[in-house]
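Look for chain A in each of the two complexes below; its partner is chain B in the first and chain C in the second.
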Partner chain A sequence: MYNQKTTLKSKFTSFLFVVPYLFLFISFLFFPLLYGIYISFHDYNLLSQENPFIGLENYMEIFSFGSSLSDLFFEGLWKTIQFVIYSVPLLVIIGLGLALLLNSLPGKIRGLFRTIYFIPYAISVSVISILFLWILDTNSGLLNNFLMKLGISPIAWLTELPYAWISIVGATIWWTIGFNMIIFINALNEVPEELYEASSIDGAGAWSNFIHITLPSIRPIMLFVVITSTIASFNVYGQPYLMTRGGPGDSTEVLLMSIVDQAFNQRELGSASAMAILMALIMIVVSIIQFKISSPKKQGGN
Partner chain B sequence: MKQYGKKTFLIILATVIAAIFLIPLLWMISTSFKNDFEAIAGGLNWIPKDFTWENYTYTLFSQGVDVPIFTWMFNSIFVGIAGTVIIVTVDAMAAYALARLDVPFKKTLFSIFISTLMIPFVITFLPLYMQFSNLGLLNTYAALIFPYTANAFGVFLLFQFFKGFPKELEEAAVLDGANKWKIFTRVVIPSARPIMWTLAIFSFMQIYNDFLWPLVATNSPEMRTITTGIAVMQQGSFVSSYGKLMALTTIATVPILIIFLIGQKQLIKGITQTGIK
Partner chain C sequence: MKFFKLSIFMLLMAAIVACSSEGENTDSDNQGSDEQDNQNTETQDITFWAPFSGPDGPKMKEIVDGYNESQADYNVDFQIVPQSDYYTNVDLAFNGEENMPDAMIMHGDQIFTYSEKGVLKNLNDLLGDETTDQYHETAIEGATVDGNLYGLPLDIHPLMLYWNKDLFEAAGLDPETPPTNREEFIEYAQQLTDPEQNQYGFAVPTLWPQQFIFPTIVAQNGGSLYEDGQVNFTSDAVVEALQFEKALIEEYEVSPKNVQQDGEVTLFLQGKSAMQLNGPWMMQQWEDAGMNYGVAPVPQLGTEQNAVFGNSHNFVIPEKTSDELTEGILDFLGYVRDNGMAWAESGQAPASKPVYTSDEFQEVNKQSPEVAKQFDYAVFNPKVENWGLATDPLMEAVNVALLGQASVEEALEEAQEKASNSLE
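Up next is the complex of A and B:
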């Protein structure tokens, strides 16, 4: 009896530790999640007083091909997917390349270069975008002025295809590559030294070591980097919003820009919420697929 | 000899890449000391022909302009610190209890928290906007702070640490008759300081640098954060005035760069720890 009472009291005091976070979690994550689904089932206009329940109609309109909402969603989605396809392989390969380069440098200068490559990661997307807007300016920008010195005529980096995509992808890589590099450096350091020693006895070269030892050893981390980069690229917003304003035309108007526009310029919050929920579902499904494809049967995730 | 040549090549390669990372930042600083005429004229001069502080004095001190830059900096730093303090405190308590104490349904609770790490922000930012709008709390510090505090990342990070925390320290304190709160504040927290700093730096950088949420949650000039404020200026009265824009972005970058350089070790530790697990 006495014992039961103390455990109950103990459980209660332990629970009190979780209460503050639980409160914030419910108020600003769990409730909004449900509220978002609720809004997406309504004809919710920011200006109108009445927002009638319409069930799945917002979703059905997105999937009735040819409707303006459907076009808005799928065209935005296509541009986002384009950005994912252009950026993710580069983010992974260059990230790994920089990590390999740093690891082969003498220890004394390694830290300095690591810091330099990592610096842009600390800067906000609006600073990065405006800085690149300036550097890529057709007439006064640093890059075109440099190219002109080399005898190359100016390129409209932000207002013509494919340059607009190249600019957005380039700025993104410059900004975030340090993060992937740090993860790869750590993964490379975890590869057991004995593996390389054994293969050097066999007389294997650096390339063969890389293919047969390094890559298989860092496979789980590679998957982690692919998934986090994919998610980050899906969320792209600031770079096209500030650098190209979605142009030329609407060729770089990514899905998140369309959702924000639908919500705050068209003020159609109901259909914008439905678009947002579909986008989130796509992101979750894509990361699950990536995980399933790349994880070997003997579960090497840890 | 061949080995020596290879080393030199790698160092040269690393230096060229370093230049690619540094040149845009140096150009930003260089442009911020040029007058608009010289900036627009283009060219490759790194040292301004007509060196001027005008862009800084104008953005910082000019009367009656729509650049309340001190207010924006204050907002960003205040919101960043307040959010970080809440996150570190609340996450440490929750993570410790879930890892070490007899919280009812703790496995279920932890799984629910962790599963939300997969949920992208796009799904909650519109309902959060409506929530704060319904409460009349758009354009307030509450709107700029609280949405970040629900993130389960910190609980996850600290949970890992507390799981591996040595039992003996706690047990010794129990024998001394200390209650859970005393054990937490006197024994656990001091030993968890490094990992809590890691979480603090992560959180501050995330909040200070965030763009979409503060853009949506504020529209009055005096409630903007620095990151959204400069975006507004770029589209407003500073459009194509790159000298002033670069002064503005330089000012915005200095505080976060200082924090980054000081906290780099902690930051790297945090990235690698979550990367492996």
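Up next is the complex of A and C:
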């Protein structure tokens, strides 16, 4: 009886700690999400006085292939998926590489470089994009100036494929790599030192240390980084919007650009919400798949 | 677990109650203060929204302050809503009918959509011909839908020609004489181009501001992008316009290839491109950079006639605004019409005759009189709902054609197909 009371009390205390976040979560994430689902079942034009309930019609139009809404959604989705495929492996591998590199530095310099690599993450996407617009400008940019000095003909970094994708992915990596790096550094510090000592007694080299000790130990963190990077990459918007305007043609016009255009330029909130909900479902499915693929192995390792 | 669920439920309820009661509170507060104002001072507040988040904001503020000091019946509360999400805010205000401004600025190309939804006051019922005659007729026409006037024009902002006087002089051209037609434009541009120095006569943009440049050349070719209820992207006039722009890059070689977003502005600022077609809002940038530039009407780059594409700022009154306040707004607009010179100081050209025909206007700066010269033949977007759905594919076609990634005809045919599909 006494025990139960304390657990109830301590549960309540813990709950109080969650309250501020819960309140923000409900008002800024959960409620808007529900409202978005509600809107997606309506023919909802921002300026119309009447927004009739139309059930799944918005969704059905997205899946009736050949309609302009369907083209808008699937073309946008394909470009977003391209970006995910190009960016996520690099975000994970380079993040881990930087973390390993930094961890092998002596203490004081390590802190300095950690800060340096993390700083871009704190800058807003508009500033990042303007920086890269100036660096990558075909006719007057810094990078092409260097290339021309070396006798290489200038490259249309933002107006030609595949360079437009390379530039967007490159800018994204420079911008966000610090976050993954910090997570990996913490994970690497958690790996028990004894394991490395034991393996060095067995005469293992650095590479087999990495494969057999480091990688299995940081697998859960790795999974976390892969999933958060995938979600972040799915939400790509600012970089292509500001750097290429979706060009050349519409080849870098990612899904979120189409959704924002549909919602606020065409004022069709209903179909835009349906697109956004579908996009969220796809992200959830992808995350679950990633989780399923990687988690059984973790148990096997233990 | 039960307890947990219960607490969440209670929290939700609390949040909902808190939110709704907050809303009611502010509402009644507002009403309260309105009534108080009426009783005590008899000054009525007019909320006025505008997207002037640039250097033009203070100029409008100056006009509003002048009006507020000139009389005691009304107080115009001028609120700047950032340009980037101006219409989102306007839409949300109309949608919820909350926080609605009593008057607002609206671009000419937006008036059609809002008038179709019946959310704007028809000004024909409120104003006589003697008032509308006080504005340039192109501007009035731009704010008119099916014979009904929905806005009083503040200005027209058409495409302009800018040139770098230093580069003109260095190339042996008269720095005070800009080109006026296609032949001169090409000839000057060729003289100003020196590929070895990475210097060009004119950098052809592949993105913005093609939304202004391309329709200008189409109109100068005597064509239009929309005819008889149909998009019209494959007519000779449209094809010729794009071929001409492409030829500037590939045949005459007066423009660099692969100009990126804002690339033409960077080149102009760096003195690597001698001429620039852009809107009058760019003046401040050239001034800030300390450039020695000239400004003039757009040369006749098309084959048929003088024309220029533009947009306009208009004062509109939402349908919901009370008759009493509407009277005050019209009084304010009368003041702006006669005292709008401050607006010209930002480089714009007010569309009201008392301002743009005055001697003072000719001296206000070097740009505004040049802007007003183009009033007579300015053209606007066609009055079609969701015209943006048609221009998006068109601008993609212009983009890929100018980047050399598609032929002019193929690109325009694809745009024609896409645009007709999405407008259906």
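Going forward, the second predicted complex is superposed on the first by the 266 of 302 C-alpha atoms of A that agree within 3 Å, B and C clash if a C-alpha of one lies under 4 Å from a C-alpha of the other, contacts with A are read in each partner's own complex, and residues count from 1 in each chain.
Definition applied: contacts are C-beta pairs under 8 Å (C-beta built on N, C-alpha and C of every residue); 3 or more make two chains touch, one makes a residue touch a chain.
All values derive from a computational prediction rather than experimental measurement.
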Partner chain(s) touched by A:Ser48 [first = chain B, second = chain C, both, neither]: second
Partner chain in contact with A:Leu33 - chain B first, chain C second, else both or neither: first
Which of chain B and chain C A:Glu160 touches, first, second, both or neither: second
First (chain B), second (chain C), both or neither touched by A:Leu22: both
First (chain B), second (chain C), both or neither touched by A:Ser14: first
Dominant contact partner of chain A by residue count, chain C or chain B: B
First (chain B), second (chain C), both or neither touched by A:Asp250: second
Contacts of A:Asn58 with chain B and chain C, given as first, second, both or neither: neither
Touching partner for A:Phe264 - first (chain B), second (chain C), both, neither: both
Which of chain B and chain C A:Asn139 touches, first, second, both or neither: both
Intersection of chain A interface sets (partners chain B, chain C): 11, 15, 22, 27, 133-134, 137, 139-140, 242, 264
Residue numbers on chain A that touch chain C, as the complex places them: 8, 11-12, 15, 19, 22-23, 26-27, 46-48, 68, 133-134, 136-140, 156-160, 242-245, 247-250, 261, 264-267
In the complex, chain A residues that touch chain B: 7, 10-11, 13-15, 17-18, 20-22, 24-25, 27-33, 35-36, 38-39, 98, 101-102, 104-106, 109, 113, 115-127, 129-135, 137, 139-142, 144-146, 149, 174, 179, 182-183, 186-187, 190, 221, 224-225, 231, 234-235, 237-238, 242, 256, 259-260, 263-264, 269, 272-273, 276-277, 279-280, 283-284, 287, 302
Contacting residues of chain C [partner chain A, same complex]: 3-4, 7-8, 11-12, 15, 85, 87-88, 91-92, 94-95, 113-114, 117, 119, 198, 203, 206-208, 256-263, 266-267, 270, 272, 386, 388-389, 392, 396, 399-400, 403, 405-406, 418, 421-422, 424
Of chain B, residues touching chain A in the complex: 7, 10-11, 13-14, 17-18, 20-25, 27-28, 31, 39-44, 86, 89-91, 93-94, 96-98, 101-104, 109, 113, 116, 118-131, 146-147, 149-152, 155, 179-180, 184, 205, 208-212, 216, 226-228, 230-231, 234, 242, 245-246, 249, 252-253, 256-257, 259-261, 264, 268, 271-272, 275-277
